[in-house]
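The structures come next, written out as structure tokens.
Across the two complexes that follow, subunit A remains constant while its partner is subunit B and subsequently subunit C.
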Partner chain A sequence: MTSFLSAFFSGTAQGAIYALVSLGLVLVWRGAGIVNFAQMGQAMFTTYIASQLIQNDYSYWSAFLIALISGAALGALVDLGLMRPLTSRKNSQLLTSQSMRTTIPVIASLGILGVLKALAGIFWAGEERGFPSPVAPNAIKIGETNLAITGFDLFVIGTVFLTLVLTTIFFTKTGMGLAMRASALNPEVTRLSGIKVGWVRTLGWAISGIASSLAGLLVTPKTNLSPNTLDLLLIIGFTAAVVGGLSSLAGSVLGGFILGYVISFVNVYSAPENVFIAILVFLLLALFFRPQGILGSKQVRSV
Partner chain B sequence: MSKVKTHKVIGLRSTRLSIVLFLFFILLSNQFEPYNQSQLANIAMLLIAVLSITLLTGASGQISLGQGAIMAVGGYSSALLVTRLGLSMWLSFILAIFISALFGLFLGLAAARLSGPYLAGTTLVMALAIPSIAVRFETFFSGDVGISVDYGMPPKWLTNLIGEVSIEEWSLYVVLPFTAVALFAVLNLSNTRTGRTWRAVRDNEVAASLAGINIARTKVIVFVCASGLAGLAGALYGFRGLVAPSVYPTDLSLTLLTAAVIGGLRSIGGAIFGTFVIVFLPDLIEKVTGKLAIPETIGIYLPALTIGVLLLLTVILNPRGAAGALEHIRHKKKH
Partner chain C sequence: MLAITNLVTEFASIKALDNISFQAKPGLITTVIGANGAGKSTLLRTISGLERPTSGSITWFDEELTHKSVEAIVRSGISQVPEGHAVISQLSVAENIELGGLFRKRIARGDLATATKEVYELFPILHERRNEPAGSLSGGERQMLAISRALVSRPKLLLLDEPSLGLAPLIAAQIIGIINDLCRSTGLTVLLVEQNANTALAVADHGILLALGKVVADLPAKEMAADSSLRAAYLGY
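Let's look at the complex of A and B:
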């Protein structure tokens, strides 16, 4: 029973982080039709910035805030500097073919990932380092008995919950959020109603940058920080997004939590080596039986 | 749009090209010291894998970030066939092609339903998961330690014929015939009916299906061919000494894709160029950083940085790669 509870709680905390990653992926996918494989590279970079600031005696929370802001800036920069010119260019011969229009941005995002990893290695020597958390990772005690949940897990779940509430309010109550949803549904009509679709897209990239930066800050106290640590998170986040539905924000969050439980229970009841295989099997099952995802809308292709 | 070339004798030009490249490699290897000979052998192996991307992405528009994992399938197949069943190295290479092609068939059946980013993500997950299978089933695949295999010593008749042959040179001689055949096959394929079918699917799926092309079947066939090539490359790559998960990391898949993009996704000459770049560029950078006294901690990241920047510049400025740029210049001169 205790192992079940601890698997459940650590699954919830991990799932919360995966939900952030997958939310970030889906935000960009809905806005720009691009899966950003550099996303966790960007998060790795901003987490290094936070780590550097903490080493220079900044407080945890100011470093936290600066990391989120630089995450937004980096996301916007990737869109403005690379993706927007790339997708708006029509004269290139290669981009006239249908399949290449989706393939080229994927390759570009891999290029960014490579550059960011190399830069992190150059700036911060690339060796693994720890990353602090504001809450001690000890199990919470009531009286004498240890509960199956740690203070850090609670902190993660709380932070992500707050973020999700804020995101929901943003997308349902604010004009900017509604504009983003509109331009994801139908860019042409949105443009005609006077909304600058290009800038709305850039905003999507920025918010995605914040979400993934936050995921980086929340996951590194447990995994440590190195240029490659967050790669796995991208894979899991992608699987979560596909399971939940790449076109659905709520689905991406749901997918994140599902993946969190799957991975946590495989870890506890099976063996850690099985995690990768479990992810692959889960992804393939999802693609075979429900390619549009749990909450995704149908109509995936036009043929 | 790409011009449709008609060759009366379809195999002639490609035969010539393959033989020329074959001889070029051998002549080049005579000028080199052993280290560069082994680098040349690396190029010959990796070229086969890059060609698989030229087929997959360049000719048919599907993207795979998991070619390294398929190389691992080929590598493990041939290594297990040699060590467990005692087959000859040559036979194991040929069988590795078929085993990986079979694997590609299953992959293709899944991939035919996917497009663009879905396919990229799925193959990336595969690139991570497949090497971990070797760790999971340790008794069969030898886990992280891996299986030691090598090309063996050069045979007597060869040393009698051309004198002393270094081990590095021998590895090149083993690999080159396979590279030449692969090159020949890919060169021919792009000019056949099959190759045109693939290009049609790449450029416009709706139009292709209206023209009577079975899209799903075409995609599966492309995956089978590309996986066979990648598996062969992986088998040859493993026989440099070790078949282990660390030999086929995720980065390998990305490096191969980079080579194909830098050279030009749609050009076989580009694939050759790109493979040279990714193999020799790190050495070149190391030489330069040694002269400029750049500290080693920075120096080890410079190749990755340069290759990443090259990839980005290619995608932004010249998505058709080096081969596309060359064609552009030639085109301008004519007018």
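Let's look at the complex of A and C:
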């Protein structure tokens, strides 16, 4: 029972982080039609910024906040500096095939990933370092008994839960949230409604940047920080997004939690080395039996 | 007044609009008719900024629209109801309507509520179904929703792209009738693109006949409707 509970709680905490990564990927995918391979590179970079600030005697929370703001700025910068010019009307007229138009931004995102890793290597010598957490990683005690959940897990779950609540309110209750959903679903009708779809898209990149930056801050106290640490997180987050449904924000979050449980339970009841096989099998099963994802909508042909 | 002067729009060197000039007078319904492929939709899409003209100019009173962005053109008071009952099916009816007024939420919050109330009065069925996804509406209701989305932006010029396409004749007549009433009662300027020439000419003040991207007739609607040789030559009946 103890091992079950501990797998459950650690799965929830890990799943919460995967949910953030997956949410970040889906936000950009829905808004811009781009799979952003640079996403966790951006998160790695902003986590290094936070780490540097903490080294320079900033408090954890001010470093935390600055990392999130840098995440938003970096996301917006990728869109404005690279993706927008690459997908401009003038540029896309030079490309004859639709597949090239969709592939080029994806390859560009791989380029950004490389650049960010190189920059981290130059600035921070690429050495692996620890990253602090604001709460102790020990199990929570009631009297003398250890509970199966750590204070850090609770911190992660709480932070992500708050983020998801705020995100939901933003998307369902605000005009800007409506504009973002509308732009993703039908850019032409949205533009014809007087909304500056380009800027809405940039906002999507920025929010995605915040979500992944937060994921970086929450995962590195356990994994340590190096230019390559977060690569794995991108793969898991991507799997989560596909499992949940690339077209659905709620699906991406659900997929994140499912992946968290799969990984955590395989870890506890099987062996850590089987985790990757489990992820792969899970992805393939999802692709075979529900390629549109759990909450993804089927392509409906309008008549 | 909407003035189109020597307008050319090309797709890969094919001239979809070939040197088009005409005017649409304020407060009146001008209809653009023509067979499939005459360039009617391209004309509307060029006015609303979705397509870029190769040359020529589009002006609304003194305002040059030719190289403005789609969003800026909407904000100048020109709203397009695109072809095919274009609504966002996954959003609710109320959200589709809200979307149309979103850009002026900060500057005219009070009027937005009034405008929303007005479109619900115009189309009570939309109020009844306001919380349902737009995708669940019938074709006619979707067209009403698309028009409502455009109306809450308080346009001065309404561009309608084949509003009767795919609708039962009775529903189409009802929608065209509402547009007509709206124009007469509020002074809204309407540019109505239609394949169904009879329906359009019956309510319009002025008719423009397009064929292969050129204006072949520019006449008061009554005269155009009466000219059987024009119909025979360009519309095939």
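Basically, the second predicted complex is superposed on the first by the 293 of 303 C-alpha atoms of A that agree within 3 Å, B and C clash if a C-alpha of one lies under 4 Å from a C-alpha of the other, contacts with A are read in each partner's own complex, and residues count from 1 in each chain.
Here, a residue touches a chain if its C-beta (ideal position, glycine included) is under 8 Å from a C-beta of that chain, and two chains touch if they have at least 3 such contacts.
Computed from a predicted structure; not experimentally measured.
Report clash or fit for the pair subunit B and subunit C bound to subunit A in the combined superposed model.
Aligned on subunit A, subunit B and subunit C fit with no clash.
Which partner does A:276 reach: the first (subunit B), the second (subunit C), both, or neither?
Only subunit B; A:276 stays clear of subunit C.
If you stack the two complexes on chain A, which partner ends up touching A:37: first (subunit B), second (subunit C), both, or neither?
A:37 contacts subunit B only, not subunit C.
Identify the partner contact of A:196: answer first if only subunit B is touched, second if only subunit C is, both if each is, neither if none is.
A:196 sits against subunit C, while subunit B stays out of touch.
Going by the contact rule set out at the top, does A:242 touch subunit B (first), subunit C (second), both, or neither?
Touch status of A:242: first partner only.
Given the touch rule stated above, what does A:285 touch, subunit B (first), subunit C (second), both, or neither?
In the superposed model, A:285 contacts neither subunit B nor subunit C.
Please work out whether A:5 is in contact with subunit B alone, subunit C alone, both, or neither, and reply first, second, both or neither.
Neither partner.
Which chain makes contact with more of the residues of subunit A, subunit B or else subunit C?
B
For A:232 in the superposed arrangement: first (subunit B), second (subunit C), both or neither?
Only subunit B is touched by A:232; subunit C is not.
When the two structures are overlaid on chain A, which partner does A:188 contact: first (subunit B), second (subunit C), both, or neither?
A:188 contacts subunit C only, not subunit B.
Using the touch definition from the top, say if A:162 reaches subunit B (first), subunit C (second), both or neither.
Touch status of A:162: no partner.
For the combined overlay, can you note the least CA distance between subunit B and subunit C, rounded to whole Å?
Closest C-alpha pair between subunit B and subunit C: 13 Å.
Both subunit B and subunit C contact which residues of subunit A?
Shared contact residues on subunit A (touching subunit B in one complex, subunit C in the other): 302.
Report the residues of subunit A in contact with subunit C in the complex, numbered from low to high.
Of all residues in subunit A, those touching subunit C are 89, 175, 178-179, 181-182, 185-186, 188-197, 297, 300, 302.
With touch defined as at the start, can you tell me which subunit B residues reach subunit A in the complex?
So the residues of subunit B in touch with subunit A come to 1, 57, 60-63, 65, 110, 113-118, 120-122, 124-126, 128-129, 132-133, 135-136, 201-206, 209, 215, 250, 254, 257-258, 261, 265-266, 297-298, 300-302, 304-305, 307-309, 311-312, 315-316, 319-320, 324.
Would you pull the subunit A residues touching subunit B in the complex into a rising list?
Residues 29, 34-35, 37, 82, 85-86, 92-100, 102-104, 106-108, 110-115, 117-119, 121-122, 125-126, 231-232, 235, 238-239, 242, 246, 271, 273-274, 276-277, 279-280, 283-284, 287-288, 291, 301-303.
Using the touch definition up top, name the residues of subunit C that touch subunit A in the complex.
Result: residues 48, 50, 52, 69-71, 74-75, 79-80, 82, 84, 86-91, 95, 98-100, 102-105, 135, 149-150, 153 of subunit C touch subunit A.
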